[in-house]
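Listed below are the structures to be examined.
The two complexes that follow have chain A in common; it is paired with chain B in the first and with chain C in the second.
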Partner chain A sequence: MYDFMYHFPVLAIMVLFLGAFIASLVGRRNAVIRNAVVLIAMVTSLVLILSLVKPILLEGQTITYWLSNWEPVGDWAIGISLEVDALSLFFALIVVVAVFVSGVYSFFYMDRDDSLVNYYTLFSMLSGSVLGLVLSGDLFNMFVMIEIMTFTAVALTAFRNTYEGALEGAFKYLVVGSLGSTSVLIGIALIYSQMHTLNLAQLAAMLPGYDSPVTIIAFAFLFVGFGSKAFLFPFHPLAADAHAVAPASISLMISGVLTKCGVYGIIRLAYTVYQNVDVNVMNALKSVCNPMNANFVQYFITGVGVVTMFICVTMAFNQHNFKRLLAFHSISQVGYVITVIGLGSALGLSAGLFHAMNHTIFKGLLFLTAGAVQHATGSLDLDELGGLSKKMPGTCALFLIGAASISGLPPFNGFASKWMIYQAAFQKAGETGNFFFVVVCVAALITSVLTLASFIKVAQSVFFGQLNPKFAKTREVSLGMRIPMWILAILCVVTGLFPDKVQQWLLAPATSAAMNAAGYIDAAMGQGYAASFSIPSFQPQSIFLSGAWQPVMWLLLLVSVTLAVCIVALLGSDDKAPAISETNTDTPADPKYESFFSGEASVYSQVGGSDLFWGFKHNWRHYFSFMHNWHSGVVNDYTLYGAAAIAVALVLCVIFL
Partner chain B sequence: MIFTNYLVCFFLVVLGIYCMVSQKNLFKIAVGMGLVDYGVNLLIVSVGFHDGGTAPIFNISELTRSSFFVDPIPQALTLTSIVIGACTTAMTLCLIIMLYKQYGTLQSDEIRRLRG
Partner chain C sequence: MKKTYKKTSIISRCASDLFLPLACVFGCYVVLHGSTSPGGGFQGGVLVASAILLVYLGYGGWGVKHSFNEHMLHSSETVAEIMYVVIALVGVFTGLNFCVNFVFAGQQVDTSILMNDAVGYHVMAGITCLLIMMLSVLEDDRDETTKDKEEDAA
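Our next item is the complex of A and B:
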């Protein structure tokens, strides 16, 4: 590695903050210069991070950068450091790609809004803070970045402040989000009181051998704090409120990038700093002496993940707003990631990282299509939209790719990562013989099926069915909005077709970096520092899959089925399928029986009883009405859930650890 | 003396969270957020306090093995966290003003268009 590359991480962060500053300085009058500044900042940070791929991900080096050259003196790291190992760089790659796509999209998507200079200033600050968080090697620095991230995200959520509910969503996000940030800060204060250092590498060396209730309580606080940034249960109502009202490009950032920061924090905390998820042989031996110690955190993280993914996917059934529905699915997919991270096996962690990456890609794509629909029609109401596939064929195709990916259909990337998730849970159940992990595996499968069901409903309500006459003049969105979506769609297909290459180049280095606590410590504090605290050196775990699959074969199958459907559609006569538009109202047939177990017909609703899964919802009505009331929309209640989460985490940690 | 500090900061945090949970008035929620902030700031400062220590301001030549001073890092952290707290309060008040203009009320249980 060349010497000047040591400056790349800090430059990548600074260029985004500098972009924010210059854009607000010069961009008030001239829109072209402003856009150029933001674009240059985004591209520069993208290039800087990409150039680090070869030394860090492929050659396995670690960059430690001490700001102002405050290197550790006498083994005490007082200065602030940036430490970039493969795990940090993996998340940094996700961040810069998502920022680039979202930025390019907003140049065209936001063209009807005013005071855009504020938008781009906040957007660049948000990007810079998120990048700073994943590259940071200092706990307090992470907290500062979390706060900048929360502020800018709140401000951007409320950016279209005349939009129905925008201020309300932002206010809830701010109040309950500040509770999460406070939780992180309390955790930091408690750790500092015991350790007198905040450097992650030094903490990682000192914490595992340090047996004190205070540091365990600090873990509970930090976990809840980072969990609130990933919108885990019970913080998920915030995400739904914020996503539904934010501009689509910001929804991409919140779901694709901000939640990843929470996930990154939890991985770093559980695997590197506390090392309480047993990954090494030595730690497994330690956990035999104290079985509660290692296992409890695994059960806790996995349990939170399962609850999150199941509750959010069922909540999505109730939604009538396109983006609010997508928001619940987004958190449900983050639940998958957290679930497998808790398993503590190498396969589980790489499955989690893979799904985290895919989640950014397909969820970003879906939010951008929702934004395109909103931009073209001005509406996000699922009961009002319909039949847009004829007006917006490109967006419809993109949406179908995203929907197939998130539902885990082969050969898209969602299938590849979910397949790894099932195998990780299955293997864990086989190894431990614990019924809990069987439930996890089944819950993951059921959630995937429910996701598919929900997306069939969305596709039917928005893109197929009859067109509402109100939207007869709808036109396809501009090319500038479609290109970012196509980038994400191509990424969906490519990562789905070549999962073995992704595994080899991205996931394997990131996984071993996350588990290699000794390497992380030595890179910052000097060789032999970890050994002096008897941190076991890293033994790579081999990853083997219980089953194999051939993505190219699935692609051929998909192509041939699609061709067959097209041929039948082209050759077949049109008689049997009456034109759905105006003639439908004349036909005497009762629309009641047209769809599955439907209720009564409603105006311009694509499916009877406003819902394809009317029967399912009717049978589960008690659960759904309970959940509906539980998400009351009152900010006090959401704060109460957050405070309860902190209390529960504290009590569990005190009892079990 | 330092034990009183911990008691007070625990009391402030709990009072703040109680205020955020039970009070329906948006301004009182903002006050609750402020209370939680102050409690945490007090906690951080107390963590670095040594009884009888001097202020941590020294030249390199004055610094000896026997000099006894309070830990300067928590004070730096507290300053940062105070600034962040001020930003939170400012932003919350901004949003409350805008919410009042749009909804015409300050009651949190009447501001619930996004739910379910």
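Our next item is the complex of A and C:
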């Protein structure tokens, strides 16, 4: 690695902030200069992060960068540091790619809005803060970046403040998001009062051997705080309210990037700093006799993940707004990631990282198609839309790729990562012999099936079925909006077709970096520092996949089936989705609809996608009515749920840790 | 000068005239000594920005509107942000780390004084903008009699 490459992480962060400030200064009058500044900032940061892939991910180095050269003196790291290991860089890659796609998309998507200078300033600051969060080597800087991230995201959620509910959704996000940030701050204050340092590497050396109830309480606060940023279980109603009103490019950022920050925080906290997820197989076997005590953190994280993924996928069934539905699925997929992170095995962690990456790709794609539908028709109402596949064939194809990915259909990337998730849960169940992990595996499978069902509903409601006459003049969106979507769609297919390469180049380095706490400490504090605190050195675990499948064969199967369907469809007639005119008087009288024979034909009747699964909804009506009361939409209630989450986490951690 | 605004009492105008320079000078003092004494960019900037309240007390909303250019303040805020980042980045381009002390290396004064100034400038402009925004939603202080005349003319 060249010497100047040590500056790349800090430059990648600062170029985004600088882009925000310059865009705000010069962009008030000239839109072209403003877009150029934002584009240059995004591309520069993308290139800087991509150029770090070779030294960090492939060669396994770690960059430790002390701002102002304030290096540790006498083994006390007081200065601010950036520490970039493979795990940080993995998340940084997700961030910069998502920012680039979202930024390019918004150049065309936001063309009908005004005061765009505010939008781009906030957008660049949001990107910079998220990048700063994942590259930071300092707990307090993580908090600062979380605050910038939350407030810019709130402002961007309310950017289209003419939408009904935009200010309301942003207000809820602001209040409950601040509750999460405050929880992080309390955790940091407690840690600082005990440890007198906030450097992650030094904390990682000192905390595991430090037996104090204060740091355990701090863990509970930090976990709930980062969990609220990932919109885990009691915080999920916020995400739905915010996503439904935010511009689609911001929905991509919130679901694809902000939730990943919460995931990154939890991984860093549990694996590197506290090291209280039991990564050692021998200990896991030993703890069979006393499972609750030794492996509490694993059960806790996995339990939260399972509850999140299951509740959110059932909530998605009842949605009538395209983006609200996607929001609940987004949280459900983050639940998958959290579930396998809690397993504590190398396979589980790499499956979680893979799914986190895939979630950004396919959920971003789905949000962008929702944005395209909204841009073309002006509506997101699932009951109103329909039959758009004839009008917007490109968007429809992209949506189908995204839907197939999120539902876990081979050969797309969703299947590759979900396959690893099932195996991780299954192997954990086999190793520990604990029934809990069997339930986890089954819940993951059921959630995937429900996801598929739910996306059939969306496809039926938006792209197939009858065309609403209101949208007869809909046109396909511009090429500038389709290119970012195609980038994501190609990524969906590529990562799905070559999961072993992804595993080798991205996941394996990131997984071993997350589990290698000793390496993380030594990179920042000097060789032998970890050993002086008796942090065990890293023993790589082999990742063993018990099942095998051939992605390319699945692609061939998919292509041949699609071709067959296309041929059959072409042989048939071409009136699958006729626009039904409002007044049917011109058509000759159809005996089927004789007024006094069989009743009058209705003017326009859409076979609602929401009616597809009426039996399921009927059977679950008690559960749904309970959830209906629970999602009251009152910000006081949501704050109360957040406070209750903190309380429950505190009680559980104090009892079991 | 067209006296179309409601005059405040002479005591508040005199007090405003007297304390306005003091507030500004004291704020600037706190900003400039921020690196070596208590206070700093943020506190000093807020002190300078509080001068706008003195203008408001002495001359009312009319005075505030005529003596401050909100657009200019907004641009200054951005310029200060860019200044801060550029000062920090100079460290990188001199071959050292981000935020590093590159002037007067090894002495008591360092780049933190320049950064303090940038922060002071930023906070001054930003808080002034905020205060103008808050003051502008207060009630209109135009003279009631002239308002009636205008309405009559209309």
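Here is the rule we use: the second predicted complex is superposed on the first by the 604 of 657 C-alpha atoms of A that agree within 3 Å, B and C clash if a C-alpha of one lies under 4 Å from a C-alpha of the other, contacts with A are read in each partner's own complex, and residues count from 1 in each chain.
Definition applied: contacts are C-beta pairs under 8 Å (C-beta built on N, C-alpha and C of every residue); 3 or more make two chains touch, one makes a residue touch a chain.
Bear in mind that the values here come from a model prediction, so they are computed numbers and not experimental data.
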item	value
Joint occupancy of chain A by chain B and chain C, clash or fit	fit
When both partners are placed on the shared chain, which of chain B and chain C touches more of chain A	B
Chain B versus chain C as contact partner of A:M14, first or second or both or neither	second
Chain B versus chain C as contact partner of A:S24, first or second or both or neither	second
Where the C-alpha centre of chain A sits as vertex, the angle toward chain B and chain C in the overlay (nearest 10 degrees)	40
Which superposed partner A:Y65 touches (first chain B, second chain C, both, neither)	second
Distance in angstrom between the closest Cα atoms of chain C and chain B, superposition on A	8
Contact residues of chain A, present in both the chain B and the chain C interface	none
Chain B residues within the chain A interface of the complex	13, 17, 20-24, 26, 29, 33, 36-37, 40, 43-44, 47-48, 71, 73-74, 77, 80-81, 84, 87-88, 91-92, 95-96, 98-99, 102-103, 108-109, 111-116
For the chain C and chain A complex, residues of the former touching the latter	75, 78-79, 81-82, 85, 88-89, 91-92, 96-101
Residue ranges of chain A in contact with chain C within the complex	7, 10-11, 14, 17-18, 21-22, 24-25, 65-69
Residue ranges of chain A in contact with chain B within the complex	78, 140, 144, 147, 151, 154-155, 158, 161, 164-165, 167-172, 174-175, 178-179, 182, 185-186, 188-189, 192-193, 196, 198, 240-241, 244-245, 318, 324, 628, 631-636, 639-640, 643
